[in-house]
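Okay, so subunit A shows up in both of these, paired with subunit B first and subunit C after.
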Partner chain A sequence: MFDALIGPFIQFDFMRRALFGALVLALGAGPIGVFLMLRRMSLTGDAMAHAILPGAAIGFLIAGLSLPAMTLGGLIAGIVVATLTGLVTRYTVLKEDASLAAFYLLSLALGVTIVSLRGSNVDLMHVLFGSVLALDDAALILIAGIASITLLVLAATYRGLVMECVDPIYLRSVARIGTPLHLVFLGLVVLNLVGGFQALGTLLAVGLMMLPAATARFWSADVTMMVVIAVTAGMLSGIGGLLLSYHHGLPAGPAIILVAGLFYLVSLFLGRESGLIWSLLPRRHLEA
Partner chain B sequence: MLHRRNIITLLAGTMLVGVSAAPAMAQERVSAVTTFSILGDLVSQVGGERVDVTTLVGPDGDGHVYSPSPADARRLTEADIVFKNGLLFEGWIDRLIDSSGTQAPVIAVAENIDAIPDAGHGHSHDDHGHDDHGHDHDDHGHDHDDLGHGHDDNGHGHDDHGHGHDDNGHGHDDHGHDHDDHGNDDHGHSHDDNDHGHDHDDHGHDDNGHGHDDHGHGHDDHGHAHGDDDHVHGDYDPHAWQDVGNVKVYVANIRDALIAHDPDGEELYRANAEAYIAELAALDADIHAAVAELPEGALVVTSHDAFRYFTHAYGLEFDAPVGTSTEVEATARDVARLIDTIRANDIRAVFAESLTDARLIEQIAREAGVPVAGTLYSDALSPPDGPAGTYIDMMRHNISLISEGLGS
Partner chain C sequence: MTSTMTQAAIRFDDVTLGYGRHPAVHHLDGSIARGSLTAIVGPNGAGKSTLLKGIVGALRPLDGRIEMQRRGTAEGARVAYLPQAAELDRSFPIPVYDLVAMGLWNRRGLFGGISRADRGRIEEAIAAVGMTGFERRSIGTLSGGQMQRVLFARLLLQDASLILLDEPFTAIDAKTTRDLLDLVRRWHDEARTVIAVLHDIDLVREVFPETLLIAREPVAWGETNSVLHPENLLRARRMVEANDPFAQICARA
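Right, the complex of A and B next:
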C-alpha cells in the first residue's frame, strides 16, 4: 500500500515535479474557483482560456518556442479581454456574460487570423500546452510564482472579494473599490489559467479551478471553509490523478481532472449542504 | 478548441476523382499540388523542370493536423494533378478536395505499399514480406518486386499494352493509342477500377487506378468510402516513408501518374525516376550499413513513435512516450517505463523530434541522466537551408545523428 502510494514519487523525479506542480496549482486555483462560482462566473474560466490562447500564439510567432514570450502574450491577451469585459459590464447595459463572450470571441478570431497570416503550421495548441509530466524548472517556477501572487493578492483583497460576492451593491455604496477589485480578480483568473496550461496540458486546466470549487459548495456555506475544502479537493485530485496515471496508464492531465470530477459527483450525492441523498431522506434531514 | 485529426474518408475511392479535365497542353508545365514537404520533394525529383510543385504543408509543418486555408483550396482547383500520402496521414485533404471542386486526379502515393497496422507495437511481422498477392492484384505485386530490384521498372506495364484489364489504372497500356480519346477508353477502365476498389476496401487497402476513372464512378466510390470510414480509421501507420523501399514505390507511383497525365514527358519522368531510385538504393544500403554498426540492442528513444517503418525495414528499435499520433497525451506509466528502459539498457542518448514539443523528452533525458543528442526529422522536412531540406538529406541526417548518439 505504502509502495503504491508513495513509491512512484520516491522513485521518479518527474513524478515529484508533477506532484509539486499539481499541488501548487490547486493552491492557487482553488480559491479563484470558489470566488468565480460565488460570483456566478463559473464559465468565465473557460471563456477566458480561449481568450488567452491567441495571445500566447502571437507570443510564439514573435519569439518562437519560448515559455516567457508565450506566457506574457497569453497574459496580455487575457488581461485585455478581462479589462474590457469588466469595464463594459460596469458602465454599459451589457451583462458580464455577454460582454465576455463578445471580447473572447473577438480575441480568438484575431489570434487565428494572425496565425494563419503568418502561414505557420506548427500545431500551436501543442506548443502552448505543457504536460504535467514534463514540468521543467522554468515551468515550476512559473506555477509557483503564480500561486504565490494569487495567495498574496487574495489575502490583501479578501474582505472586499467576500463582501462583493455577498452584496456588490452595498460594497459599491460604501467604497469605490468595486471596479478595480473586479479587474484585479479577473487578472488572477488569467494568471492561474496560464499556469494551468503549463501543468495540465489542455483546456482541462479550467477543471482544476471549477470542479473543486463546486465540490466545496456541497460541504459548506462559509466562504473560507469553501476555499479550504476546494484547495484540499484539488490537491487530492492531483495526487490521485498522478497515481492513476502511473499505475493504470491513463493520460496524466485528464486523470487528474477525472478524479476531481469524481469528488464532485460524490459530493453531489453525499454533500452536507443539499446533497441529493438528503432530499431522498427528508425525515432524517429534518430531524438533524 | 484543440485541433482534432480530421479523419473523414477511407482512401478507397477518393483518389478516383476523375481525370475528366483535359490533359495539359503540350509544352505547358504541369502544376502539381502535394500535401506535405516530403512528398513535395519526391514529386520535384521525378517531375524535374516539367512540373511546378506546390506544397500545402510546408517545411516544419505538421501534416497530421493542418487547417487548410481558402488559398489552399484555390491551389487545388488550379492544379493539374494532386499527390497525397494516403493511409489517412492527411485526413483533412479529402474534405478540401471535395470543397475545392478540383477536377485534378488525386494520387495516393502510399496506396500499394505494405502498410503496417497501427494497432500497438510489434504486430508488424504478420504483414511483413512481399505477400502482396493476398490482398493486392498482380500488377502491383510486380510493381513492388521490380522496385525492390531498383532498376527494371521501365518494364512495368509495357507488356500489358492493349490489355487494360490487367493493368488497371496505371496508364502505360494507354500510352500511344489513347491519349487523344481519354473519355471513351477510360470508361472501360473505370469499370475495372471500380471492381478493384471494392475488393480492396475490404482490406482497408487501396489500389485503385490513378485517376483513370471517370468522374461519375469516382463519385460512387466516394460515397462508399464515407460509409467505411469508421472501422478503417487509423488502421495503418501512415509514416511509410521511413522505409526507403516504400519511397521507391512512392516514386514509381508518382512517375506513373505524371506519365498518365502528361505523356509527352514520359522520357524525362522515367529518366528522373530511375536516377532518383538509384540514389534511394544507395541511401537504403547506407542506412543498412549504419544500423549494422550500432551496438547490440541499440534503442532510439524519441518523442513520438513515427519510425515503425524504419524498424520494420532496418531492424533498429525505437521507443517513445506517445504513439504514432502527435495528439495523444503521455501517461506517467509510459514515462516511468521509458526511464527504466534507458537506465536498464545503458542507452547513451535520446532524441528530440522536429514537430514535437521537446519538453517531455528533455524531462526523460534529465531524469535518466543522458543527453538529448539532437533533433530527428520524421514527418516534415526542414527548410531548405536546414539539415533535412530534402528527403534523402533527412534520412541521412537522422541516421548519422543516431550513429553519433548511440555508436560506440
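Right, the complex of A and C next:
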C-alpha cells in the first residue's frame, strides 16, 4: 500500500517534479476557477485556453520548443484576446460571451494555421497535450511564480471581485474600479492557463481550473470554503492522476483531469449542497 | 441667483439623456434643492430611471450638463444609488451581513479592515431595517421584501448626502413599505437629499413634499399637490410617444 502510494514519488525524480507541478497548479487554478464559476464564466477559461494557442505556436515557430518564447507568446495572445473582448463588450451591443467567442475562434483558426505550417511535429504535441512528466526547473519556477502572483493578487482584490460578482452596478456607483478589476482577473486566468499548458497542454489546462471549482460548489455555499475545497480537490486529483498514470501506463495529463472529473461526478451525486442523492431520498420538511 | 446656486444639490442645465441618439429625457432644466425630498413620477418609458442613471454618472448626457454640489469634499462624492432590485445576482452565495457591509466601501475601500466600531454600525443598520437574526442567511434565500430591507441597510451604512432610489417599493408589501418609508423620512430629517422614482401617487402625496412629473420632457416640477394635478397627469400620459426610428435631428439641440 505504502509502496503503491508513496513509492513512485520517492523513487523517481520526474515523479516528484510532476507532483510539485500539479500541486502548485491546483493552488493557483482552484480559486480562479471558483470565481469564474460564480461569475458564470465557466466556459471563458476554455475559450481563453484556445485563444492562447497562436501565441504559443508563434513562440514555437520562432524559437523552437523554448519555454520562455512559448510562454510569452501565449501570454500576449491571451491578454490581447481578453482586452479586445472587454473593450468590445463595454463599447458595443455585443455581450461578453459573443465577443469572446468571436475573438477566440479567430485566434484558434490562426493558431491551427500556424501549427500546420510546420507540419506534424512531435514536439508540438507537447504544447497541445502537455508533458507533466517532463517538467524542468524553469517550468517549475514558472508555475510556482504564477501561483504566487495569483494568490497575492486575489488576496488584494478579493473584496472588489466579490462585489463585482454580486452587484456590479453598486460597485460602479461607489468606485470606478469594476472594469480594471475585471481585466486584472482575466489576466490571472490567462497566466494560470499559460502555467498549466506546460504540464497539461493548452486543451486540458482549464480542467484543473473548472472541475475542482464545480466540485466545490456541491459541498459549500461559502466562497472561502469553496476555494479551500477546490484547491484540495485539485491537489488530490494531481496526486491521484499521477499514481494512476504510473501504475497503469496512462498519459499523465489526461489522467489528472480524469481523476478531477471523477471527484466532480461523485460530488454531483453525493454533494451536501443539492447533490442528486437528496432529490432521490426525499426527507420530511423542517418546522421552520 | 447665487443663493439658489449654493442651495442646489443638483443642477440640470438643458440636459438630454438617452440611448444611441434617441433621447429618453429631453431638455431638462432646473435644480434639486439640498436636503429636499423629491419624487420622480411619470408613465412607463418616461425616462425616470434614465434620469437617475444620469445623476449617478452611469449614463453620460447626450447634451447639456448635470452639476453636482458636493459637501465635505475630502470624502468626495457621497451618492448612494439603489437601482431596480432585479439587477443584482441573487444566486451568488453571500450572507446578508457581508452584503450590508459593502455599504462601508466609501470608508474602507478595497483594502481597509472592518473595525469593531464598523461591526457595530453594520449590526445597527441590520437592526434598523428589522433584519436582525438574518445575518448569516444567504441572500438567495430572502424574499423580495426582505431583500429590499437588506439593500436599505446598505444604503444606511453608505451615509450619503444624496440618495437615489429607483422604484424602491415596487412589489413590496404595505408593512415593509411603511418601515422603509420611515427610513426615508429619517434621511430627510437628517438633511440628506433624497430622490425617489415612484408609481404610487397616493404615497407620493403623503410623504414627498416635492415632485417632478416627467414624460420624456418635464411636465411639471415643484410642490407635490400642484404638480400632481389631474390635468398634468393626463398631459404626461399623452406625451410618451413610441420610439421613432426615423426621428430627425432635434431642432432645439
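Definition applied: the second predicted complex is superposed on the first by the 260 of 288 C-alpha atoms of A that agree within 3 Å, B and C clash if a C-alpha of one lies under 4 Å from a C-alpha of the other, contacts with A are read in each partner's own complex, and residues count from 1 in each chain.
One rule holds for everything that comes next: a residue touches a chain if its C-beta (ideal position, glycine included) is under 8 Å from a C-beta of that chain, and two chains touch if they have at least 3 such contacts.
No experiment lies behind these values; they were computed from the predicted model shown.
Novice: After superposition on the shared chain, which partner residues are touched by A:Leu38: those of subunit B (first), subunit C (second), both, or neither?
Specialist: The second partner, subunit C, only.
Novice: Output check: A:Phe60 vs subunit B and subunit C. Expected answer is one of first, second, both, neither. What do you get?
Specialist: Neither partner.
Novice: Does subunit B (first) or subunit C (second) touch A:Phe103, or do both, or does neither?
Specialist: After superposition on chain A, A:Phe103 lies in contact with neither partner.
Novice: Using the superposition described at the top, determine whether subunit B or subunit C touches more residues of subunit A.
Specialist: B
Novice: Which holds for A:Met15: it touches subunit B only (first), subunit C only (second), both, or neither?
Specialist: Only subunit B is touched by A:Met15; subunit C is not.
Novice: Regarding the shared-chain residue A:Gly253, is it in contact with subunit B (first), subunit C (second), both, or neither?
Specialist: The answer is first: A:Gly253 touches subunit B but not subunit C.
Novice: Would you check which partner chain A:Phe185 touches, where first means subunit B only, second means subunit C only, and both and neither mean what they say?
Specialist: The answer is neither, since A:Phe185 touches no partner chain.
Novice: Which holds for A:Ala221: it touches subunit B only (first), subunit C only (second), both, or neither?
Specialist: second
Novice: Could you say whether A:Cys165 touches subunit B, subunit C, both of them, or neither, answering first, second, both or neither?
Specialist: Second partner only, subunit C.
Novice: Which positions of subunit A sit in both the subunit B and the subunit C interface?
Specialist: none
Novice: Which residues of subunit C touch subunit A once you look at their complex with the stated criterion?
Specialist: Contact set of subunit C toward subunit A: 56, 58, 79-81, 83, 87-89, 92-94, 98-99, 102, 105-106, 109-111, 138-139, 154, 158.
Novice: In their shared complex, at which residues does subunit B touch subunit A?
Specialist: Interface residues on the subunit B side: 1-3, 57-58, 60-62, 64-67, 69, 321, 326, 328-336, 339, 355-357, 359-360, 362-364, 366-367.
Novice: Can you tell me which positions in subunit A touch subunit C when the two form their complex?
Specialist: So the residues of subunit A in touch with subunit C come to 38, 156-157, 159-160, 162-163, 165-167, 169-175, 177, 221-223, 226.
Novice: Can you tell me which positions in subunit A touch subunit B when the two form their complex?
Specialist: 8, 11-15, 17-18, 49-50, 53, 116, 119-123, 125-127, 130-131, 133-136, 139, 201-203, 242, 245-255
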